[in-house]
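Each in structure tokens, the structures are laid out below.
Next, two complexes with subunit A in common: one pairs it with subunit B, the other with subunit C.
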Partner chain A sequence: MSGIAKDSVGARGHRDWPKHAIVGCLILVELFPLYMMLQVSFKDNAEFINNPWLPSNPASWHWENWAFGIRLIGPYIANTVFVAVSGTAFSLCFAILGAYFFARYKMPFSGVLWSAFLVLMLLPSVANIVPLFTLLKELSLLNTLTALIAVGVAGGQVFNIFVLRNFIEELPKDLFEAAEMDGASHFQQIINIVIPMSGPIIGTLAILAFLGKWNEFLLPLIVLRDKELFTLGVGLIYLDGEYVKQWGQIMAAYFIASLPLIVIFLFCMRLFVRGLSAGAIKG
Partner chain B sequence: MAFPISRQKALREWRLYLFVLPSLLLVATFAYFPAASAIYHSFFDWSGGDTKQLIGFGNFSRAWNDRVLWGAFGTVGILILFNLFKMIPAVVLAVLIHRLKSERWQYAYRVLLVIPMIVPSLVTLFIWKFFFDPNLGVLNRVLDVTGLKHVLVWLDGRVFHWHIFLENVPVGWLSQPDLILPSLFIWGFPWIGAVGVLFYLAGLQSISTEIYEAAELDGVGSLGKFFYIELPLILTQVRLNLTLLIIATLQGYGLQLLLLGETGGPGGRGMTPGLWMYNRAFIAGEFGYACAVGMILFVFILLLTLFNNRYVRVEK
Partner chain C sequence: MAHVVISNLVKVYPEKSGPGVRVVHGIDLEIRDGEFMALVGPSGCGKSTTLRMIAGLEEISEGSISIDGKVVNDVLPKDRDIAMVFQNYALYPHMSVYENMAFGLKLRRFPKSEIDTRVREAAVLLGLTDYLDRLPKALSGGQRQRVAVGRAIVRKPKVFLFDEPLSNLDAKMRVSMRTEISKLHARLGATMIYVTHDQVEAMTMGDRICVMKDGVIQQVAAPLELYNQPENIFVAGFIGSPPMNFFSGVLSRVGSEIWFSEKNEKSPPIAFALPPALTTGLGQSLNRTITLGIRPEHIETTRVFGQKDTDYATEVTVELCEPMGAETLLYLTTGGTSFVARVHPLEAYSSGQRVRMLFKLENARIFDHETGRRIS
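This part shows the complex of A and B:
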């Protein structure tokens, strides 16, 4: 939209500052919990009680809160990174293969298979969790990270295949035909045509999948028992229950738990913002 | 659409089936099998082990008379109403950002909106739990600093007689049965879901400027523009969001589990059907009954989805 056209969107003769004020206020309140998290993470309980609102003097910042947080949360973060990265990678690999199957040709039974996938969108995951637990027990996957990865990958398939199929079908058919003439196998067509051309959508799906796995806590809570295997979700829940509340340490741990996502965000901010809007349109 | 393909060619291309096999196996194992197992086991008295006893519709007739379960459905109904109300700020914010003239500011606000999303939702949840803390929590301090506490105490003592807000006694947001639902309402203030706002902004972008110009010539005010132009055009997104929100609220129990514990807090006021299912399975060890509760919940969600597909059609 050009700047001139844009002018008519805002009512002519009205100033923009009241809108800025409202939007700014709402966003400030929205960001307030994060501000509290950050500034409390440098205080001990006594300082916090005396001065809850403003950051304390940087000279007296309690960096040991952060050291404590890293010691406590570090192993959980490592486990979560492992689960989230491998889960996202497997999830997208399988989804690309599956989507290619549905998008490329109308094979016999592909209609049946497609509806078999779509029906899963109706199944609420909530009714599954009890039998899933016993299934994992029978497969002796309880208390393993493999269980989290496998269930996560399975759970992501429907949505990812759904989005990717639509996308691959929009790709120009000539590309595939030309590749086939040159004797490219289906696998080569995926590597050389599908993946390069659907980079942004794969990136968006990857971010969504990664975020989802990072935030997961219900499944880890019932699957994991050993402290060494805890992912962030369970780790934070135990942290909430276990310690005599040193809020500074806890807030530092919370902030450290967010750091990997912040790093990703800084590197792909555009993909994040665009991806979320685009993902929103696709539903 | 995918190419149609002849039978001979399909036979030659049989390897393509291998492409869909991994997804299919995973989905069959971790989605279809548990679902079938849930239906099957809902007819058994089963505590998760090898021994189980067929009791027909025993679990369902027990559920029919289960006061806690139906109370939980009532609670979830109230939570859905709360969440409907909580959709409003996102719509308002999206429209306000959309109406800003400067595209640079629009982008800046969008980035600022995404920032809370990069904090794990669990962390946000625990920060809110900390806000609710009676002695150190921020919420009570805000009430004290702004003097709202006195207003609440006055209202309580003179008008409503709740006996909840007392002078010099910290408000126990998560420990007072009568405050559980209000706490769940306040939770997440100012209720701006970044995904929702971006979602609406994407819809608003499709409004052509001619419509605005025409409206302006006709002297339509900003409120009129909202109701006649903007709201109808994002109605698709609002409806879709609404459906997803209702289904998520209906089956959700993570928030309640972490804020209030597996019994749904004092007096069980925060109990939802999903939480009751979790409670029966993993606290009481009544897996069969938990499966039955899951099935009942599933039927509710299915009916809602079908109703939605029929009457709240989302136009593409």
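This part shows the complex of A and C:
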């Protein structure tokens, strides 16, 4: 039996090598920019021009590029972390409340309300930029991080509620009824039933929301004026313009900016992959 | 403990068009203090809906429910002082057994020491002490159901509600849990309302049984009364396994006797002179179609224990024989009516065999053919 299994596995492995080769090539293509960023970040411009493709001798690595990069984009990272973390947290808090409402309450016209809500998903966010700018101006929120958080929280609601509502609806109705009999209010049901049982999907949405806010470019570009308030997306663009000749410093800064995402991805790969499929459902 | 009174209870589920679906039709029921009331009936008869209205999980369309004299129609479930055990256990999967049982008390802000005492007492009572730290997924079906019962017990509610709690268990576990719940009722002396579609559960557990059909109560009575004195054909057919046999026929007066003649156009019909005890009140049913009901254990072979071959014996054909060990179920036919007899397992029978069967008609019941109500 084991012999058969071994033969079978061996045969499949033999048959699969072209697929493996193709996947390997794709991975190399994907990793190439990362490799270039990393190896260039340790060079000065002269080394980069003479030897752009291969790493330089570790003895001559320019660690000062990294020190410069950290000093340069440190404030941008701090701003981005503040916007992304608080935006994600608020966004999910509101989304859970909204999703619970849509999942548990059936009232006249709730179907119509839900459909109207879903229509918002069809509106391209770029189409809202001008009215959004006007609104933020009216609210005196231009050139503030609060504007980024508020817009991020509001903008993420439709997708988050859409995914969470479906998930909450799938939770056994008996659990909510048991909690009701146990004396739980709606808020207590959210805290004690919905959140613990929706951990994976909330984690997935949190990662998606965090990534979206971390990579946000257009909104900060329009809203922010002061350099001290820049988030990474905008900050890196200006970096490119100002330090165009110092490739090592720029690449070090880029790499540092990518590091948090790489770390998050490595630790939350499963949630990230699930997030991709959640996105697929949305489409 | 508490006493529950249901008055003219109606439940109507709204429809997109039309007046709505009426699933409970104005029922009246009184559950006494400390009583174990079993609500039984086929699927869709409204028993679970009634229980859920008592729990407060369904709105009441009309009528009222009162617990200990207080009308609770508009009282939230958590404020009715009742606990419910669900068919699917409804245990919180992310909480340990201890946390599941303590959850209700924690929400009611009981002191930690009191919660601990109550949970551990319930765990001892239900044999769950060794499982308090486990998650529900690490428990068997029976253990999960015990946790669900424990969660109800710790709150010491006025009324316990059970919604088909044993239907997800295998046959052996069901029998064991049935006994445990009965013992629990005896020990706690609490008012319990138990919904089931299994008439064996209802018969073995209930102090009284409420039989429902199509949202209407058919009869409320103690188990044996229900079995022996069914008020209509539905109750007679629903309670008992195998169910009561029914023969459609006509009553006629022959001299001083009243005779029952089976309606049978395929073969010679069976006919009996009814025993005097059975003829009381049959005057208005003479020459009309009626239904004679007789339980399988009241039909026996004439050869058993040298029973006398009386006027109530007749020859019928064996369709199927099911030897059960302690008894044998004989599926028989008169040619026009099929029926079952529970006989002593003394002999083997084969299909097509002609046997002479004795009908113990003093135990038979007669029902009106049109209304289904018992007339004798």
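The rule is short, and it goes like this: the second predicted complex is superposed on the first by the 256 of 283 C-alpha atoms of A that agree within 3 Å, B and C clash if a C-alpha of one lies under 4 Å from a C-alpha of the other, contacts with A are read in each partner's own complex, and residues count from 1 in each chain.
Simple rule for what comes next: a residue touches a chain if its C-beta (ideal position, glycine included) is under 8 Å from a C-beta of that chain, and two chains touch if they have at least 3 such contacts.
Bear in mind the structure is a predicted one, so any value in this text is a computation, not a measurement.
Undergrad: Quick one: is A:Q188 in contact with subunit B, with subunit C, with both, or with neither? Answer first, second, both or neither.
TA: Only subunit C is touched by A:Q188; subunit B is not.
Undergrad: Name the contact category of A:M197: first (subunit B only), second (subunit C only), both, or neither.
TA: second
Undergrad: Under the stated touch criterion, which partner chain does A:L132 make contact with: subunit B (first), subunit C (second), both, or neither?
TA: After superposition on chain A, A:L132 lies in contact with subunit B alone.
Undergrad: Is A:Q246 touching the first partner subunit B, the second partner subunit C, both, or neither of them?
TA: After superposing on A, A:Q246 lies clear of both subunit B and subunit C.
Undergrad: According to the stated criteria, A:N166 is in contact with first (subunit B), second (subunit C), both, or neither; which is it?
TA: After superposing on A, A:N166 lies clear of both subunit B and subunit C.
Undergrad: Should A:E180 be classified as contacting the first partner (subunit B), the second (subunit C), both, or neither?
TA: Only subunit C; A:E180 stays clear of subunit B.
Undergrad: Quick check for you: in the superposed arrangement, does A:V23 touch first (subunit B), second (subunit C), both or neither?
TA: A:V23: touches subunit B, not subunit C.
Undergrad: Looking at subunit A, does subunit B or subunit C touch a larger number of its residues?
TA: Answer, by number of touched residues of subunit A: B.
Undergrad: Quick one: is A:L113 in contact with subunit B, with subunit C, with both, or with neither? Answer first, second, both or neither.
TA: Once the two structures are laid over each other on A, A:L113 reaches subunit B alone.
Undergrad: Which residues of subunit A touch subunit B in the complex?
TA: 1, 3, 5-12, 14, 16, 19-20, 22-23, 26-27, 29-31, 33-34, 36-37, 45, 48-49, 52, 94-95, 97-98, 100-108, 110, 113, 116-117, 120, 122-135, 137, 150-151, 153-155, 157-158, 161, 169, 173, 186, 211, 214-215, 217-218, 222, 232-233, 236-237, 240, 245, 247, 250-251, 254, 257-258, 261-262, 264-265, 269, 272-273, 276-278, 280-281, 283
Undergrad: Across the complex, what residues on subunit C touch subunit A?
TA: For this pair, the touching residues of subunit C are 55, 57, 77-78, 82-84, 86-94, 103-104, 107-108, 151, 155.
Undergrad: Could you please specify the touching residues of subunit A with respect to subunit C in the complex?
TA: 172, 174-175, 177-184, 188, 192-193, 196-197
Undergrad: Can you tell me which positions in subunit B touch subunit A when the two form their complex?
TA: 1-5, 7, 9-10, 13, 15-17, 19-20, 22-24, 26-27, 29-35, 37-38, 41, 48, 89, 93, 96-103, 105, 107, 109-124, 126-131, 136, 138, 141, 189-190, 192, 194-195, 198-199, 201-203, 205, 209, 212-213, 216, 221-222, 225, 237, 240, 247, 251-254, 257-258, 274, 277-278, 281-282, 287, 290-291, 294-295, 297-298, 301-302, 305, 314
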